[in-house]
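Dropping the structures in below, format is structure tokens.
First subunit A sits with subunit B, and in the next complex the same chain sits with subunit C.
Up next, the complex of A and B:
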């Protein structure tokens, strides 16, 4: 089927969920989430039936890139991520109901839960569209579809001050980054006289381009993308927003929003990197940004006591590795060398698996222990060996221990930096990875070698759907750690 | 005096700078939000100016105008969601001062 049908199907799925919520008088609204999970599962399978169009003439293809393996991979990531977020949201339902309940007599006991399941589906459609966006207008609109949905979701717990505060911070900084993005787009249009990425690429490569104005546009766009990716020094919102947002939404933000930032960055930065008058300065800026992000993210994570804040800084650190791959575009094309796009896509795939696994454990625990402090994880292996093991697998992969997906992600990023001769990046990356070992494994050690706190020795039960999702993620992490070629082949 | 592209770019640059300064300096959430809208208006003015002075076959490049309408629409959506969040925050905390929105700290 034509590739753009998929976005239509996802939007229709979201609308159907809203309509069922409005008119079907469901007793238990969690069945809406199950409907969403089922629908997204079908869309994921449909991704494999996409046909490559023979001709790409016509208005649509000005806005929408013809499907290539990279955009299909990102669409798959978006669907898989949303699906797992819905699994987490089912687990998280009691908290949402408690924080959004309608106190009026006669109101549905789960009033306001339906949108919590439907909105991620709309964000998913935006993410999928973004993977194919080929024109400044369509990049802008798809990015904003995702951002505005996220503003609502972050502030969703309307009786919880933390969630509202996170929502306001995300809103202000998100809108600020939108301002930078559109101003950057305006200048990019002014410099190149076009809105289509292929034409922009051509115009930037021309000698005699106004380099100052082009660099100004690049800086504005990079600031905006830095916000979305969580690159230092634009990462200041990340810890607060991650801590305050509902846990499933934190997971969605850390994977979905980062994937969105990365795919837009890949598409918007590559014309600048391909332009001979600009490439030197653009690379230098990217290298500085990558080094800062690697160091700030990983070193600031060391003293964290709240697990969501720790994962927030860790996500900043992982953005550093993504930027490292983007900054080290090969100087001359080596045979068999991976392109930055492949490395970024592989890294994001691995990051999705391990981060969502960690957040699945977190949201299962949130139902029994209210705290998110690291002390709540002491002796977890005695309360639930399964959850503890799942968290260890995820932490091992995040730290980059061999035979996990995360190891190859980091390895490919390091290899890119070596091939490009970026030694400063390499040193920063090594320091970052070393710090990562400490703070990820600290959690693992406290789960296995400490006794649980007094009065919290009860065993923890795991919902079967969640347990199944965790097992699948663990298998995928280890499989990608043994045979990274499986994922790399999807990308070529 | 004839108006050139540079005049428009100067005005829009000033607008953008005023908006950015407002976001960084002001403490009232509503004023910050107004300043964010000012930044978008600056981008719109830049787009129109570039499109007016970049003639394609004697006509302005209308691509930029299309982006402008999308920016206006998206900004409206953003304001709708944003004001709802600010109102919800005001109901729980009874303030719109950003320096008082600081329960989460490192």
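Up next, the complex of A and C:
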């Protein structure tokens, strides 16, 4: 089937979920989420049946790139991520219900729940479109589709001050970054005379381009993308928003929003890197941004006590590794070299597996323990060996311990930096990885080495759907850690 | 599935099975006995003719990653004489460790986690010694290390156990990171298209790395591997960790896992950076004398049996470094044989010490005494183990140490070179180990018995069998070193044929 059908199907799925919510008078609205999970599962399978058309003429293809393995990979990431976010949302339902309940007598006990399940599906359609966006306008529209759903979802817990605060912060800074993006697009259009990426690429590669104006456009766009990716110094919103947002949405932000930023960055930055008048300065800017992000993210994570804040800084740190790969793009297009696109895609694939596993554990725990402090994880191995083990696997992979997917993500990034001779990046990366070992390990230690807090010794039950998702993620993490070729093959 | 894949994945799958609910002790013991049988099968069907870093036997390989610009990665296993000996060592110690595991009588409720960890350590060690792909060689070692950290932190003895667990984690984590940097640098410098150890060795021979860079690579590998082997002055994690680890973990770590560093020096550092090894010879000699003489004296000063054993194991690593520093066939073969002998003897000693700690409630020298009279079997077995550790003729340790000293003193020129001076210094280590071992034996087993000391019943068969297995292997190799030397010599020969040209 043609690739763009998939986005239509996903949007239709979201609409169906809204309609069912409005008209079907469901007793338990969690069935909506299950419907969404089922639908997204089918879309995921349909991804493997996509045709790759030879001729791509017509208006549509101006806005929408022909399907290559990279865009299909990112579409797959988006679908998988949304699916797992819905699994988490089912687990997280009690918290949402408590924070959004309608106090009027006679109101549905789960009055505000339907949109909580439907909105991520719309965001998913935006993410999928973005993976194929080929035109500045379609990049902008798809990015905004995603951002606007996120503004709502972050502030969803309307009786929770933290969530509202996070929503306002995210909205203001998000709007600001959108401004930068549009302004950057305008300059880019002015410099190159085109809104289509292939034409922009050609124009930038020409000698005699107005380098100052092009660099200005690049800087503006990079600021906006830095915001989406969570690159320092544009990361300031991340800890607060991650902490305040409902846990499944934090996971969605952390993986989906980052993947979106990364895929747009890959598409927008590569024309600049391919342009001989600009490549030197663009690389220098990216290297500085990568070093800053690596160090700020990982060093700031060290003293964190709240697990969502810790994961927020760690997510900044992982953006550093993504930027490290982007900044180390080989100067000449060698046939025998790793491309930033492959490395970034692999890294994001691994990052999706391990981050969502961690957040699945977090939301299962949040349903039974109120705290998100590290102390809430003390002695978890005694309360639920399964959850503790799942979190250890995820932490090991995030730290980059061999035989997990995360190790290869980091190794590829390091290899690219070495091949490009970026020693500064390499040293920053080593410091970042070393710091990562410490703070990820800290969580494992408090789960295994300390006894549970008084009065919290009860065993924790995990719901079967969540447990199944966790097992699948753990198997994938270890399988990709043994045989990274499994993921790399999808990309070639 | 090839023989070696079976050998490595059997303990790992058994660990998974125990984790999922299989009967813990039965599965663990069954898997480790099977591992021992497979390793015997490999030894019996091993051809001693093939030579060289790359003439693997029982070889198998599955390509896991092919990507432009990145070396090919495969799940590849193979044996040569050196790794065969280490596989035998791992299998013997794994069986013994799993068998004596109930000696930690405090660990009842969590026995599942306990046995899973032992199996992971065993499987990781076997994987590290049989992998012929650089990545898996490194990764399996990490896999074995992680459960040791957990075991010490969760089930360790003493108040300090969490602190000790952090210490060993940081030391070995930093060591592994330094090692990783050295390995990546070596692969990059060789411009290899594969992580295969044989390919890397062949490349290092045909197009050697620039001498200056070799120096850096060797230094990184030496320090990285050195930290894992408790090289002086990076040894301070070892004795507390062994003293506080649960008995089988101490047996596996001191007996088997620690040998990975020496194995890596022989398998990777010498062939990949021979010029670097020559350049840093003096540093190596000074540090190994630190291991033998300084740590030897520290060992004498210990007041607790488990700490003393921990330091003695640090000390004996000095001899292995000496054999490797000799850089000739006799010396390196001696080092390999010593890895085997020391692994068995230290595992035996830690096994006995663990049993005693469990029965007597403590291992302080001044609270023990005159035990041999009431517990003759324990006394006899400990005596044998102590003699083996000191290096008395008839035990494998003797054969190994003699080879190491001969190798280190070898050479055609008549004068005293650095390494000969170092050898003369190292010989004093034999006296030092006799002093602390015999003193420990006298205070614990001879002399008057403290009044407060209660005497438990003697070693039962459950503890005797596994420890006897280790002792019999020590004696067999001691009387007939050729049992193993027939495997080691051709492999080491091949190593030098490859590197010397």
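Here is the rule we use: the second predicted complex is superposed on the first by the 487 of 492 C-alpha atoms of A that agree within 3 Å, B and C clash if a C-alpha of one lies under 4 Å from a C-alpha of the other, contacts with A are read in each partner's own complex, and residues count from 1 in each chain.
One rule holds in what follows: a residue touches a chain if its C-beta (ideal position, glycine included) is under 8 Å from a C-beta of that chain, and two chains touch if they have at least 3 such contacts.
Because the structure is a prediction, the values reported are computed rather than measured.
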First (subunit B), second (subunit C), both or neither touched by A:118: neither
Touched partner set for A:447, first subunit B, second subunit C, both or neither: neither
First (subunit B), second (subunit C), both or neither touched by A:176: first
Which of subunit B and subunit C A:32 touches, first, second, both or neither: neither
First (subunit B), second (subunit C), both or neither touched by A:483: second
Contacts of A:376 with subunit B and subunit C, given as first, second, both or neither: neither
Touched partner set for A:403, first subunit B, second subunit C, both or neither: second
Partner chain in contact with A:435 - subunit B first, subunit C second, else both or neither: neither
Parts of subunit B lying in touch with subunit A, wherever the complex brings them together: 16, 19-20, 23, 29, 32-33, 36, 39-40, 42-44, 46-47, 50-51, 54, 56, 61, 63-64, 66-67, 70-71, 74, 77-78, 81-82, 85-86, 88-89, 92-93, 98, 101-104, 106
Contact footprint of subunit C on subunit A as seen in their complex: 334-338, 342, 381, 385, 389, 396, 401-403, 407, 412, 414-415, 418-419, 430, 433-434, 437, 441, 445, 448-449, 482-485, 488, 492
Interface residues, subunit A side, partner subunit B - complex: 136-137, 140-141, 144, 148, 151-152, 155, 158-159, 161-162, 164-169, 171-172, 175-176, 178-180, 182-183, 185-187, 189-190, 193-195, 239-240, 243-244, 309
Subunit A-touching residues of subunit C, taken from the complex the two chains share: 19, 63-70, 73, 75, 113, 135, 138-139, 142-143, 146, 150, 153-154, 162, 165-166, 169, 173-174, 177, 181, 184, 188
